[in-house]
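Quick one: the structure is below, questions incoming.
Chain IDs A, B, C and D follow the sequence of writing; residue 1 opens each chain.
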Amino acid sequence: MPPQLNVNIAGIKLKNPVLAASGTFGYGEEYSRWLDLNQLGGIVVKGLSLNPHQGNPPPRIVETPAGMLNAIGLENVGLKVFLEEKLPFLTRFDTAVIINIWGKEVADYVTIAKELDSVREIAGLELNVSCPNIKKGGISFGTNPDLLMELVQAVRSQLTRLPLIVKLSPNVTDIVAIAIAAEKSGADALSLINTLIGMAIDVKTRRPRLANITGGLSGPAIHPIAVRMVWQVAQAVKLPIIGLGGIMNSSDALEFIIAGARAVAVGTANFITPQTSIEILNGLRQYLVEQKIEDVNELVGSLAV
Amino acid sequence: MPPQLNVNIAGIKLKNPVLAASGTFGYGEEYSRWLDLNQLGGIVVKGLSLNPHQGNPPPRIVETPAGMLNAIGLENVGLKVFLEEKLPFLTRFDTAVIINIWGKEVADYVTIAKELDSVREIAGLELNVSCPNIKKGGISFGTNPDLLMELVQAVRSQLTRLPLIVKLSPNVTDIVAIAIAAEKSGADALSLINTLIGMAIDVKTRRPRLANITGGLSGPAIHPIAVRMVWQVAQAVKLPIIGLGGIMNSSDALEFIIAGARAVAVGTANFITPQTSIEILNGLRQYLVEQKIEDVNELVGSLAV
Amino acid sequence: MKCRVITNKQLNPRYYKLTVLAKEIADQAQPGQFVMLQVNSGFDPLLRRPFAIHRWWDGGEIEILYQIAGKGTRLLSQLCAGAVVDILGPLGKGFSLPLTGVRPFLLVAGSIGVAPLLPLAQDLISKQVLTPNQITLLAGGKSQADILAVQEFGDLGVRVKICTEDGSFGQKGLVTDLLAPLLQTAPSPVFACGPTGMLKAVAELCRQYQTPCQVSLEAAMACGVGACQGCVVKTQAEHADFKFQRVCCEGPVFEAEKVIW
Amino acid sequence: MKCRVITNKQLNPRYYKLTVLAKEIADQAQPGQFVMLQVNSGFDPLLRRPFAIHRWWDGGEIEILYQIAGKGTRLLSQLCAGAVVDILGPLGKGFSLPLTGVRPFLLVAGSIGVAPLLPLAQDLISKQVLTPNQITLLAGGKSQADILAVQEFGDLGVRVKICTEDGSFGQKGLVTDLLAPLLQTAPSPVFACGPTGMLKAVAELCRQYQTPCQVSLEAAMACGVGACQGCVVKTQAEHADFKFQRVCCEGPVFEAEKVIW
């Protein structure tokens, strides 16, 4: 019998634990030429805001050792265009659609969450809390437990239907404190990690390589940090965890699951090999068969320390 | 005329700005077969404690994408053996000797600092503050500004002669707040960054790859994070900065200098190519000539944003 | 798509030509489109590299003309016949071909920028938009070594004018020095590819002489398929000061007058 | 030290033999020493890989016998003659040779562990510590393909006894099954290299029969020169429960009885 791959993330039923990470899979349509979207456990859509957002000027990306920095600046089409033009395409596939949302103040998040709560085709919301809170002097929502609790409570109270996933920023002293804050304030699940803040300089011109000066580091370089954070958080909270950060192959994905993640998301690897998620899924199946594990859920958090 | 390479770090006169980083260059002697130690600006010796320390059980290291995790556990010969057996070798060379010290409580640091202050052959102390403070429930000295201030003040007050470099941990929400705390409490210089905490799992055995479970991530993978932190700190404090993290070549080193570091230190790269520091020095000279910069000090913090 | 290397030939110290078997790409390629090539399966370098499709054949071979720019292209140059590379493509929106040519066309190449212009010339001729002698290639570069594919254009019967900054081949000067007098005598549609500075100067000339101009732009790319938003360029927008368009899918070819340089 | 590859020969699907020109290393090498080899100049993999020096010649060639274990050795196997690899060495403390052999010696190899034992046998013979027929190699492995360098030992005149876990070559069983009866009849000094589990079992047998045993250990290494403290193994200490010793410089060869397994 083939191994059982269904997982449940706070009520979101995924037919397998492999998702496409926000911001790295466009609106799904960009990759539909390269792989069968039906095979994915789910797709987390590019960070959506109420109004369209143009993002940062170029250059927006730069390669780094085993990683890349991006400063896209959350460019997106905005809620209206998304619902009218992008969502209908996604709903043609048998895969869970999770919407990553962001705002500059609590009210932004609340409004978009409320609007999306009634959209039947959506399986869940993921809160991107790496954005600076303009009302609080630009401190990122995700680096301060109090700000985070305020945000999560406000959003949670608007939702009647959708599970709320809070996506944690790794740029913190104590990821566990942040995770507990999210749990206490009503998060239904956690995903981690978002990108680490980095910077690269062109020594010839003595200018930053990104127009935004700093950017978010992603890719295999950050995998060990992400696995560590998932493991730490899994010890401390009961919420289901989506693990991500530098997953390039099934072994990378398995590290997250063994550390305590119930699902994983593939980010930067999509850019390099669009079929990475499918390859991971195949590798996962093979591993479960070899290890004689019937259900992927048995593997979650099974690290022997 | 060849470019001027002397730099001054809080009174430590370095004939060039390239140091060997603590823990990656042993006690110097291990590398003396492979390069001329006289050519180095300075050597930061392996983290020293009052008493000898055995460190963690193996496995202690694991390779990661463009990086490595280490959990050596600060193995060292202790102050006495260091002074008797290791220092005499180092003082044979024309290079600044900086001692990286650590402890489990403030008193440990204070005692060793006091002892070293009178040792003429030493040019400076570097405080490794990534260690957990056993009196404060294991919170690392370097992640809490109050703990850090207490430590730095206590050590500073013992020193009559030696400049005090505080080496910052990158595992914090706000590196600038930590840097300012160090400055306020009497640090003479800063060095950053130490390693990021990471973890790797052997999916076959479902065990951590390090006996210590987690370890410190170093190598090119962390370079963008380190450059970002040096840049942020250089904006906020007046202290001279030693930049390190993932330096593999002169271009990597130049990024730190342009971002605001007055000197750099080479860590993991020593393991791969023992002559890296010399190559960096040559590359630095060539760059200065090409860019028609007469003194490396002119380059410090010259980023055009 | 895994593709086998047929040849990887050094043309001169800085330039190479890579031929691989990539039937699906050859079957669909359009002039001005590109591929994303993974130089090896490791993480160094991590990202794919974009290259214009220079030539392709019914048999399924495609050819890439490339210059050693850094780590990735250096590794690429070390691949031997028989090696396997992973290629994604064809990608992007190539040149828009007018159905008939009312006037002679000018193709303007800055060194390696000549790569996507050869299939454009071929297509114009084979679709009988123009006769070969109605097409002129203006090829510029720093030095003789930067003037590429001249033979191939000659074989098509296209007229070729050359200039180099050091005068080592053709006229001494910039390619815009060749272009300006031609546009002055007879404004013709221009198709250009090369460094951004050159493209900007070409666009400015075309604006001045009010002749249509298509430029193939470069940008740092992560995905090449429109997913990451990494490769944007600022362009004119209808109801705003500007908009960002993705070079990888809304380009790489843009109407020069729409680009905000 | 940059070294040119002379040959890189596949012995069977999993094993290769690499010969490079490395005069300085060949001039200094001692049996049981190793080198740190950088398989390529990129960051993937980042660290050097340790390999025993299997053979060396006055001309300056050194030979490494290696198995495909993962990414680094796979890349190594793809190097062609003429390629350049960076090698650091010779490193570590090799086998300690007694000045005279009072009894026959037993060399015990677990598959690739045979690599450093060949130069040991050579040295014992050339230094006239023993005659070839006083040395016996016990070589074990999973299967026939894991039994290596038998020819070379035979050429020296050394006696060779083989066993494999699947019985495909020599006696069926573990190398300790060969060793135990030999030690029982005549306890002889043992020199062993192979997987840790095997070494532990060999050490236990030698302890039982009170015969000296030197083992060449493996450990993950970063620097290979004693600087990082990454490669330690637990050993007996005089005034403490144990101490950590560095496999790269205090080893890789240790007296088996000093190792805390």
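Note that a residue touches a chain if its C-beta (ideal position, glycine included) is under 8 Å from a C-beta of that chain, and two chains touch if they have at least 3 such contacts.
Owing to the predicted nature of the structure, the values given are computational and were not obtained by experimental measurement.
Between the contact lists of chain A and chain B, the overlap consists of C, D.
Centroid analysis (C-alpha atoms only) places C farthest from chain B. Computed centre separation for the pair chain A/chain D is 47 angstrom, with centres defined by C-alpha atoms. Chain A and chain C, compared by their mean Cα positions, are separated by 36 Å. Shown for chain D are the residues that touch two or more other chains, namely 43-44.
Touching of two or more other chains is recorded for residues 65-67, 219-220, 248 of chain A.
Arrangement of the chains shown, judged by which pairs touch: all-to-all, with no pair of chains left without contact. By the touch criterion stated above, chain C contacts chain D in their complex at residues 42-44, 71, 75. Across the interface of their complex, chain A is touched by residues 64-67, 69, 143-144, 171-174, 196-201, 203, 205-208, 213-214, 217, 219-225, 227-228, 231, 246, 248, 251, 254-255, 258-259, 287, 302-305 of chain B.
Within the complex, the chain B residues that touch chain D are 23-26, 30-31, 33-34, 46, 54-55, 57-63, 65-68, 70, 72, 75, 219-220, 248, 268, 270-274. Listing the residues of chain D that touch chain A in their complex gives 43-44.
Residues 65-66 of chain A are the ones that touch chain D when the two sit in their complex.
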